[in-house]
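Here's the structure, in structure tokens; my notes come after.
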Amino acid sequence: MLEELGTNDQGDMIINIGPQHPSTHGVLHLVITLNGETIKKVEPHLGYIHRSIEKMCESLSYRQFIYVTSRMDYLSSHINNHGCALCVEKGLQIEIPARAQVIRVLMDELTRLASHLLWWGALAMDLGAFTPFFYSFREREMINELMEDTCGARLTMNYIVPGGVMMDLHPDFQRKVKEFLRLFKSKIHEYDDLVTGNIIFQNRTKGVGYISREDAISYGCTGPTGRGSGLSCDIRKLYPYEIYDQLQFDEVIETGGDSWARYKVRVGEMVQSMRIIEQLIDNIPEGEFQAKTKAVLKLPKGDFYTRVETARGELGVYIVSEGGSTPYRIKFRSPGFSNLSALDHMSRGGKIGDLMATMGTLDLVIPDIDR
Amino acid sequence: MGATSLLILTLAAIVFSAGGILVSKIFVKGSQNAQKGQAYECGVPTVGKTWLQLNVGYYLFALIFLIFDVELVFLYPWATVVKEIGWMAFLDIIIFFFILFLGFLYAHKKGALKWM
Amino acid sequence: MTKDELKIKFESLQEGLSFEEGTEWLTINVDPEGFRNFALVLRNNNELHFDYLFCLTAVDWKTHLSVVYHFSSTVFRHEVVIKVKIEKANPIVDTVCDIWRTAEFHEREAYDLLGVEFVGHPDLRRLFLTPDHEGFPLRKDYEDPINMIKL
Amino acid sequence: MISLEGLTTLLQTWLQNTLGEPWAFAAESVLVGIAAITLFAFLGLALVYMERKVAALMQIRLGPNRVGPKGIFQTSADTLELVMKEGLTADGADKFLFNLAPFMVMIAAMLVLAPIAFARNFQIWDLSIGVLYVAAVSSVAVIGILMAGWSSNNKYSLLGAMRSAAQIVSYELSAGLSILAIVILTGSLRISDIINSQADGWWIIKGHLPVLIAFIVFLIAVTAETNRAPFDLAEAESELTAGFHTEYSGMKFALFFLAEYVNIFIVCAIGATLFLGGWMPFHIGGWDSFNHVMDFIPSSLWFFGKTMFLIFLIMWFRWTFPRLRVDQLLNLEWKYLLPISMVNLLLVTFMAIMGWHL
Amino acid sequence: MFLKEYFKTIYLTIRSLLKGMKTTGYYFTHQKEIITEQYPEVRPVLAERFKGEVIMPHNEANEHSCTGCQACEIACPNGTIKIVTKNEINAEGKKKKAIDTFVYHLELCTMCNLCVVACPSDAIVMANNYEHSVFDRREFTKVLNKPGSKIMEGIE
């Protein structure tokens, strides 16, 4: 074992980044092999917060297990819930009321916006600029308050139930969303001035953490990571769910494959999310927010797989049902897990500082990887 | 005050630092356990020795710095008398910088200025 | 290709495939012996071009294990599900991590949690659990008196 | 505000009259020592408080506001906390060097105080090679940092120390070259001469573009030399957790922390002295009545005002920019700052010989 | 050509850096933009739907509307709720199931709202209280029905 020696025969230094490290955003543990400051190998060690959500779900009913999935990718908890609900609904073949669909999509996009805002601040912080973090949190706070108004919680909302959403929208929701959009648009130039246009930031990200399109497919990179490499992988466009096929929005694709491309994809996605919200906010149909469902849900025997686009990429929910009231086996194909597997490939040959930029633009959320 | 001031300032620095450390030594009653003595490596025990052979690239900077800084020291006496000497000093410095620049180019071409 | 077209294509490629009925995507049951060659066909056949392995997992069916692969093509946008049935006593299946790089982590996860041994995997170790952990938590007969709480 | 002007001469005469020559010298020495320590402690508290307030306001926060009015005693409370903390030494560390390093850094910081003119006639030692002395002594600090990083037996510390050594020695060059620009214009290395040469206007105004360029280069170089963001690679917390002082805790850490802020003060004081006239009030050659009004403001106020302005600039950099990567940092020095300051030096020489400066 | 590129880079660099400094400088000088909330003095305004803890509202006559149907207990994913029932004889002399104690484990609760949704008689609701810290964790185990409380008339 080379790790036990602290060095290998070529005199390379083996150093731990994490589990308690300021830039791993949680308890990711990377063992990196350095030659000078050049990275030769990155090996993730996982499992520090593995809670075996898949096993937990096996003993929870189809209504109950959805809330657990909020704790996977806590930054897009609503979208995780959405994926699970869609899978259950696919099994039960329930029609979702139009109002519930619109509400779900609106909340999805707000969640995505909040997640990307946090990512933006955290990335800048990883690269040494502290101030942008506070600016992005100011805007994110507004979204959290919107969520709190309607769902009663800020992060793990548990707003989605099979068949619709748990509660109707708050009466102030539309007004507050419009107010948020107006404020956000007036502040967005600061994002360009502080980070996007900053020459140091550009130099830190351009050409860093490169992954080609072929490798991105092979490594299963999805979401902004895949789209930064020119891979069209937006589930909302490719396999539209809910009302995404009726909406006008662009799939942001950059061909650079480096951290800068991934950065631009995410920033572009923020704009697209705003576009979706703007389209929907005045057109929320009246009607029921929840379809009538039985008290105890029982999925028919078989396999069900749904995919949704979380803020980090493609989330797959795979339910194997034996016909009972609890799932027989659940597998979550989490986007972070596949994206992390490409980290070694991306960061080889770079400096330690590059690793931070690569990790930052992969937007790793550790509970999503560990589940 | 003259050169004695250096002695006084050095003493002041030592008194200040040692005083602070002593005060904290007096006040703090530490406990001892095995974990306290471990080096910090993100919560994982450090394995192996830290004092490795480092890449020679790190030391190249020191060497290049040495060369350039010695040249820089030569410039100080020159700088004080530029205005008195006039154009001759200007010619001197151009020749001096030309040689320095050649050395700089050489170091650059050899890749000595690249970080490892 | 649609599901039916894929089925016809697969039937023309290999005799005696067993298809599962009533599924959203074409589901094929494959034996562990022939799986690797079949996987190579999936990846390299120009009309199939399944270059994207988007989910790899295993299911414990008490009597046996089945490893489930979800493939998709980024060119043709069609999907196929491959299920490989393996014995519980001898859970061996060939690795595909040299064909789809993402399988490297997913196979380690399946090994860690379900005990499926992937032959030819370069680094088949525990991923989430500690190296000295005993048992495979996602198997149905797994018991952990300390950490499992029954509600 | 009591002016510090001439305080030294007054004191000296009074002491000599009352105590006699040898005792007066001893008393003076003690006074200087005490003054230096007080200044150190005060600078540490004040600058850390200022940094936190500046950071807070730029980050739309309030900053410290609980301990004392507007939180001004927050840093004192923090110091107390650091004093009460146990100083740990890692098992594998080289104990002698580990304990020596904070002293080295502190001594280096303290020694640079000697030639700084805080006000008119308020200077510890006006030595004839003042500027060269500053350049020489300020680079001693890097030895302390290297010692700290090397002796900690910690991989992050080692990398941090290596980075910081390469960084400081590189930026030393362009800082030195931009200081030379002023030396050429003044024709003297003595600090008091440099300040007096700015009696009819500060160099940054009199020296036109070349001095402005030298000033900017100086500012960038000293930011890097004091390990401040965006050049804080030696302690880049997102990469090396805390860099060279990862293993330090309690009072020893506090000394590093203090030395960092005192170093900032010193380099800014040097910058203010060289480019902004030190304690010299804002004078415009020929406007005697205007100059006279300016003289009413005490010289110590001018000095500290200018220094604080430069410190504020450096803090502003820190809270705005992302950190450079280590190879980009060296690229900046070797590809941009060094050639520019070399060419700039030629320009200044040319200007000085032609007598184009005012 | 090389020199032109060189100076252009310098110009663009300085411009982009100054832009950033302008933004932070703006906030430095505009203190009205500060968003710090000074928590203990200034209490946050909570959303009315904010999920802080589960409570059981009682009316003036110390009556609640919980029938003891255990729907919430079944709906809860964490075993947060335990209902102990007893048989009560009502005015007409019939035996009727009623709650004895409604035990709520706050330390297990994830505020998922499933119990409130499941409740057929709207006996439990989510309250806004969020300051739950106590010195003894046993205090997290709460009994929601008040002592001596009864079920409201007309609720089945």
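Each chain carries a letter (A, B, C, D and E) given by its place in the written order, and its residues are counted from 1.
Basically, a contact is a pair of C-beta atoms (placed from the backbone, for glycine too) under 8 Å apart; a residue touches a chain by one contact, two chains touch by 3 or more.
Predicted model only: the values in this text are computed from it and were never measured.
Following the contact convention of this document, A, D is the list of chains adjacent to both chain B and chain E. When C-beta pairs in contact are tallied for every pair of chains, the largest tally goes to B-D. Seen from the C-alpha centroid of chain C, the farthest chain centroid is that of D. Here A is the chain whose Cα centre lies closest to the centre of all protein Cα atoms. Comparing the centres of all chains, each the average of its CA atoms, the largest separation from chain E belongs to B. The geometric centre of chain B is 58 Å away from that of chain C, both derived from CA atoms. Chain geometry summary: the mean Cα position of chain C and that of chain E are 41 Å apart. Averaged C-alpha coordinates put the centre of chain D at 51 Å from the centre of chain E. The centroid of the Cα atoms in chain B and the matching centroid in chain D are 15 Å apart.
Counting only residues that touch two or more partner chains, chain A has 13, 15, 21, 37, 131, 138, 194, 198, 200, 351. Shown for chain E are the residues that touch two or more other chains, namely 17, 20, 23-24, 35.
Shown for chain B are the residues in touch with two or more other chains, namely 41-42, 46, 50, 54, 58, 115. Across the interface of their complex, chain A is touched by residues 12-13, 16-17, 19-20, 22-24, 35, 46-47, 49-51, 75-77, 110-114, 117, 126 of chain E.
Within the complex formed with chain D, the chain A residues making contact are 13, 15, 21-23, 37, 124-131, 133-135, 138, 194-195, 198, 200-201, 203-204, 351-356.
Taken together, the chain D residues at the contact with chain E in this complex read 54, 57-62, 316-317, 319-321, 336.
Remark: chain B residues 41-44, 46-50, 52-55, 57-58, 115-116 touch chain A in the complex. On the side of chain E, the complex with chain D involves touching residues 10, 17, 20-21, 23-25, 27-28, 31, 33-36, 38.
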